[in-house]
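Next come two complexes, and both contain chain A; in the first it sits with chain B, in the second with chain C.
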Partner chain A sequence: MTQTLTKAARFADLLDKSRATLANEPAWLAERRARAAESFAELGLPTTRHEDWRYTSLARLEDAELVPAADNAKASPATLALAEYAGLDAVLLVFVDGHYRAEYSRAAALPAGVVLKSLAAAIRDGSPLVAEKLGRLTKPERHSFTALAEATFRDGFLLHVPDGVEVATPIHVAFLSSDTAAGVAASARNLIVLGAGAQATLIETHAGLGAGLHLKNVVTEIRAAVGARLDRIVLQRESPEAVHVSTTHVYQERESLVRSHTIDLGGALVRHNLVGDLDGEACEAIFNGLYVLRGTQSVDNFMWVEHRKENIPSHELYKGVLADKASAVFTGRIYVHPEAQKTDAKQTNQNLLLSDSARANARPQLEIYADDVKCTHGATIGQLDAAAQFYLESRGIDPRTARNMLVKAFANDIVERLEVEPVREAVEALLDQRLAEMS
Partner chain B sequence: MLEIRNLRATIEGNEILHGLNLTVKAGEVHAIMGPNGSGKSTLARVIAGSEDYEVTGGEVLFDGENILELEADERARRGIFMAFQYPVEIPGVGNTYFLRQALNAVRKERGLDELSGKEFLELAREKARLVELPEELMKRSVNVGFSGGEKKRNEIFQMAVLEPRFSILDETDSGLDIDALRVVASGVNKLRGADRAIVVVTHYQRLLQHIVPDVVHVLVDGRIVKTGDKDLAEHLEEVGYAWVDGELKAAQAAQA
Partner chain C sequence: MTTATKTIEELAEQKYKYGFYTDIEADKAPPGLNEEIIAFISHKKGEPDWLLEWRLKAYRHWLTMEEPKWPKVQYEPVDYQKISYYSAPKKKGDGPQSLDEVDPKLLETYAKLGIPLNEQKILAGVVAVDAVFDSVSVATTFKDKLKEMGVIFCSFSEAVKEHPELVRQYLGSVVPPTDNYFAALNSAVFTDGSFVFVPKGVRCPMELSTYFRINEMNTGQFERTLIVAEEGAYVSYLEGCTAPMRDENQLHAAVVELVALERGTIKYSTVQNWYPGDEEGRGGIFNFVTKRGICKGDDSKISWTQVETGSAITWKYPSVILRGDRSVGEFYSVAVTNNRQQADTGTKMIHIGKDTRSNIVSKGISAGRSNNSYRGLVQVNKGATNARNYTQCDSMLIGNRCGAHTFPYIDVRNDTGRVEHEATTTKIGEDQIFYLQTRGLSEEDAVSMIVNGFCREVLAELPMEFAVEAQKLLGISLEGSVG
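Coming up: the complex of A and B.
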């Protein structure tokens, strides 16, 4: 019992320290933060007794003494290099330990009316869009990490693309951890609002190099209005002891398209919550992911996709390569409302285990309340195809190269779908590097 | 070049090869014929280094070196090649990329420079013509979307590119129509050479009309029971394997 109090006290301390640094905020936000802090105190961190967290233990976080991040932590050149993709011509917003840093960021001309800026700045400027939309999709009263983010976030980004505007230049937002991030808890809130027919390409990089446990907790809301189109790539290469939790809510109106690809290579413990609220006829959601893990890394993808209207395709393909004692969890819930006839939902999770000690858990969960639907799910957990391996070796290719060729072929299924070429090439190079390091 | 002495091999505890002997000299083409289940594919796969089989006795000497102690890839780099009876489909691995990796691995072993992408493509185009392999197939994933005949041609194409010194073709004729058979056979014939040896494993005599062997062996129940020249293949075609069975039983009876 004493221990429980201590753990709760640790987070109360984090919340107190965080509150002390937040001043002069608009009343609506201050109220929300207070409510969120109460929710967090009630909810605490989820344990493995919670059905949605059955395979991912947060014990290491409970034992950590986390403090809010300083707003001026230095980012080393090596850390800043993690925000660069050779050949990528993009607008770049850089955050270090959750704070926006203009000096590391790089502006580029965006079409008139497009807003891309620090969320804290938008709040300071009294942005009516933020006041109206921020937190409309999230549920801090039910989800610990959302509550924690709401109570403690310092910054994040706002992207608003007005009706009919197509942003051709890719937008790159890099959330870096400083080399001194050990013991830091950094929360960020992002708000992406695409107007009717708006189009944008967004790259999010989460990376760091520093030693020591730290928490990065990111809550993102994406709204795609009628006919909007968002291409989003998330590349996660946090430092080896990082705990990374993301919660992304996607709300889609009629005929909108959101393609989201998440590549996980880093971190010690990673959890992605991805909620798709498909609320317009003939909108389309494509949520794909790839994780390539080693050591004791673990990645937990928790998806929840709701089909509310007719004629909506939603496709999820998550592929994972697990070496050593790495582990992965995939939970995919598809909820088809009675009105959502002609739903075409397809969900696939494929895991390739490269060692006997690697583990994967796949949990597809379908709830279907419409009768004219096509819903499929498939999960595989397997090893490399021995026949293919022998075929390659029988031509003179050494076992390790043969294995890497097969692993890359498996992963390429996702990599080749990354539509921003410099990012795709960077991911290919990172995969080669990762495979070269794997025994 | 290749000498097999008293080779015994098992799969899942069942002995398939019961002490097989075979000598193949440089420049020769041998045919190994035998009924289903006689151990033909086992022999080919054991030579290639498949881990599905356990070798429980004997030796396979290649230029005097016992290759049973080598891994499959090492054997291949020494110059041993097996054309698969059932070539494996490998989605996501490009045919050209794969074969260039393989060729460069083999070249490295022979002390030759690696070929650039361009040099490789030129070589590959030339060799593809040898087996009339459509160039478009080289761009696909290994054997994916290939017809049965195209898969077999791809095997001979790989053989032509890798230029192995010893090749064993495991039922390369199975599933081929007469035109494809002629193409494959003509490809193999062009690869015959004074410093190369080829062993053609087949159930039927048909292929041997196009690839004329110097020596024909009959494999029954994991042993070579008869060896002769190309006429043996024709004789076998006329009288069937029952004749060999009879001979084998007679031989066993005589031994006992």
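Coming up: the complex of A and C.
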């Protein structure tokens, strides 16, 4: 008991230290932060006794003494280079340890009415949109990391695309960790609001180079109104000791389309919570992911997709390659409400184990209350096809190259779906690099 | 008559057939659970001291445990102090020595249930039956014939008396008394059940069968079944269950342990038809059962087949621990829920030995306002080289007020393992029904044909007599759900 108390005390300490308010912080936010702090104190960090966290232990976080991030940490040129994709012509917003840094960011002309800015700035300017929409989808009273983010966030970004506006230029938001991020806890909150028929392409990069354990905790809310379309790519390449937790809520109205692809290559311990609330007829959600891990890296994808209305297709494809002692967890729940007839939901998790110390857990789950539905889920855990490997070797290809070819072919299912070419090329290069690192 | 030729209307009229109550004077323990009651049960059964100690240890552990909340089922909390933990039909004298001495009323009951205790009536002598009424085993047929081959098939109480060394060796070796809440409760208060021991190299010549019936009010049934197949032995075992219709819920918390040694094979089939409660969900049996087998020796095999149509709540996960190299675990299940029934069932396959294989086929059918969940675990341990699993879970929904859920857990820690899981959820296809109708079948026949086809892979695993019964049960359970 003493131990838990100490751990709780540590986080209370973090909360206290982090509870400086934003400039011009409105009363509703202050109130909400206070409630979230209470919730966090009550919930604590989840343990493996919690069903949703069964296979991912946060012990390393409990033992860490974290402090809030400074707002002026320096990002080295090497770190800043992580926010660049060769040939990508995009608007760039850079955050370092959770704080917006105008000096590292790069503006570009966006269509009239489109808002892309720091959330702290939007709050300071009294944005009615933020007041109305922020926190509408999240549940800090139930989720520790959402509570932690709500209580302590300093910044994040706001993207608002008004009705009927198409943003052709990709929007790139990079959350970098400074080289001195060790021991730092940084939370961010993002709000993405697409009006009716609005379209945007969003790239989120989470990266860092600094040594030492640090926590990055990001909560994102995405709202897609009638007929809106969002293409989102998340590339996570945090530094080797980083703990990265993301919680993303997607709310979709009629005929909207959200495509989200998450690529995980970095971090020591990564957890993605993705909640899809499909609340409009004939909207469509595509949530895909790829993780290629080595060493003792571990990635936990937890998703919950609710079909509330008729005629909604949702597709989830998560593929993973695990070498050394890497481990991966996939939990996916498709929840079909009684009204959601003609649902077409498909959920697949495939893991490739390259070492006998790697470990994969899969929990693809269906919860269905409507009868006229087509729901399938599948999970496979296995290794490379020995016959394919042999075939390539018999054609004079050395075993390692053959293996890498097969792994790339496996990963390509996801990679080829990345629609922003410079990002896709960067991911391909990073994959080659990762494969070269794998023994 | 098979279901395919029955119309749904007929089926709809068919209520729970086995809901009668037999008025027999019962020797019943007062309601309540404490160490005295456990000592009373143990004394009643003339048990040795070690077994009483074992029970008490389980009871003391149970007191420290909490009732599990994770299954996807909802029910009013069970008052464990209101249950009578021992009920036996009153014996005349020292109990029946042969079938002739069994209370004729009991025989009548079993005849109504269609359990032919009377040996001549048994289907050409292919099935040996052990019948358990409330808490005690009433009669076991064909015992002598089995004895000649060295097969022991008797009630658990008898086994404790006559083969204490075997019971002591294997009891709790697969499901330890501390395993889970209901297993601990069972270990403390279990009353009877069946014991099967098939010695080395013997292929049991007939299907062994136990019929369980809960008769008395306010009783629970806590049976314990232990089956051991020695090296190279084979046994196929069937279990069937019914209970009278009552407004209150009754608890059934059984433990089944299977042990297969080298090259041993155990096939365990269940047709579970406990009273499911009425349309509004009043009454019915809470079926909280722990079933687990261990493939202890190399090349051994354990196969579970279950047809679950009854019970208000079913909560069970027949599992196999694949310890021996090249051992095989199988699980075939059909679970049908209607009205307000809730089922949370599935299996666990734990791969420990090398080259182990497991196969899971689960078919869930939900109708009415019921909820039907598959929950299963496939675990491949680090040393389980070349383990292979294939899982298929299909759900069918009839009506839009029911739920079908799938919660598989897959845990692989070895890179040579191959684990596949597939699940689908569909409704009965209108085009399929239409197609059959164009061929002259009525809608009702079409539906039952499709449902039977949907379950065929599983029903094919059942011994013939049971397959026929199971097909009928499928029809009865779905009564009134189509239209």
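What we mean here is this: the second predicted complex is superposed on the first by the 434 of 439 C-alpha atoms of A that agree within 3 Å, B and C clash if a C-alpha of one lies under 4 Å from a C-alpha of the other, contacts with A are read in each partner's own complex, and residues count from 1 in each chain.
Here, a residue touches a chain if its C-beta (ideal position, glycine included) is under 8 Å from a C-beta of that chain, and two chains touch if they have at least 3 such contacts.
These numbers were taken from a predicted model, which means no experiment stands behind them.
On the superposed chain A, the two partners chain B and chain C both fit, without a clash. When the two complexes are superposed, the chain touching more residues of chain A, out of chain B and chain C, is C.
When the two complexes are overlaid on their common chain A, residue A:168 makes contact with neither chain B nor chain C. Once chain A of one complex is fitted onto chain A of the other, the partner contacts of A:429 are absent, as it touches neither chain B nor chain C.
Legend: residue contacts after superposition of the two complexes on their common chain; A:211 is shown touching neither chain B nor chain C. Judged by the touch definition given at the top, the superposed model places A:107 against neither chain B nor chain C.
Aligning the two complexes via chain A yields an angle of 70° at the C-alpha centre of chain A, spanning the centres of chain B and chain C, rounded to a multiple of 10. Of the two partner chains, chain B is the only one touched by A:397; chain C is not. Contacts of A:355 after superposition: chain C is touched, whereas chain B is not reached. Of the two partner chains, chain B is the only one touched by A:387; chain C is not.
Closest C-alpha contact of chain B with chain C, superposed model: 13 Å. When both complexes are aligned on chain A by C-alpha atoms, no chain A residue touches chain B in the first and chain C in the second. Across the complex, chain B meets chain A through its residues 48-51, 71-73, 76-77, 81-82, 84, 87-88, 90-93, 98-99, 101-103, 105-106, 109, 141-142, 158, 162. Taken in their complex, chain A has these residues touching chain B: 385-388, 390-399, 401-402, 405-406, 408-410, 412-413. Those residues of chain C that touch chain A in the complex are listed here as 70, 380, 382, 395, 397-427. Interface of chain A with chain C (complex): residues 51, 55, 338, 341, 351, 353-383.
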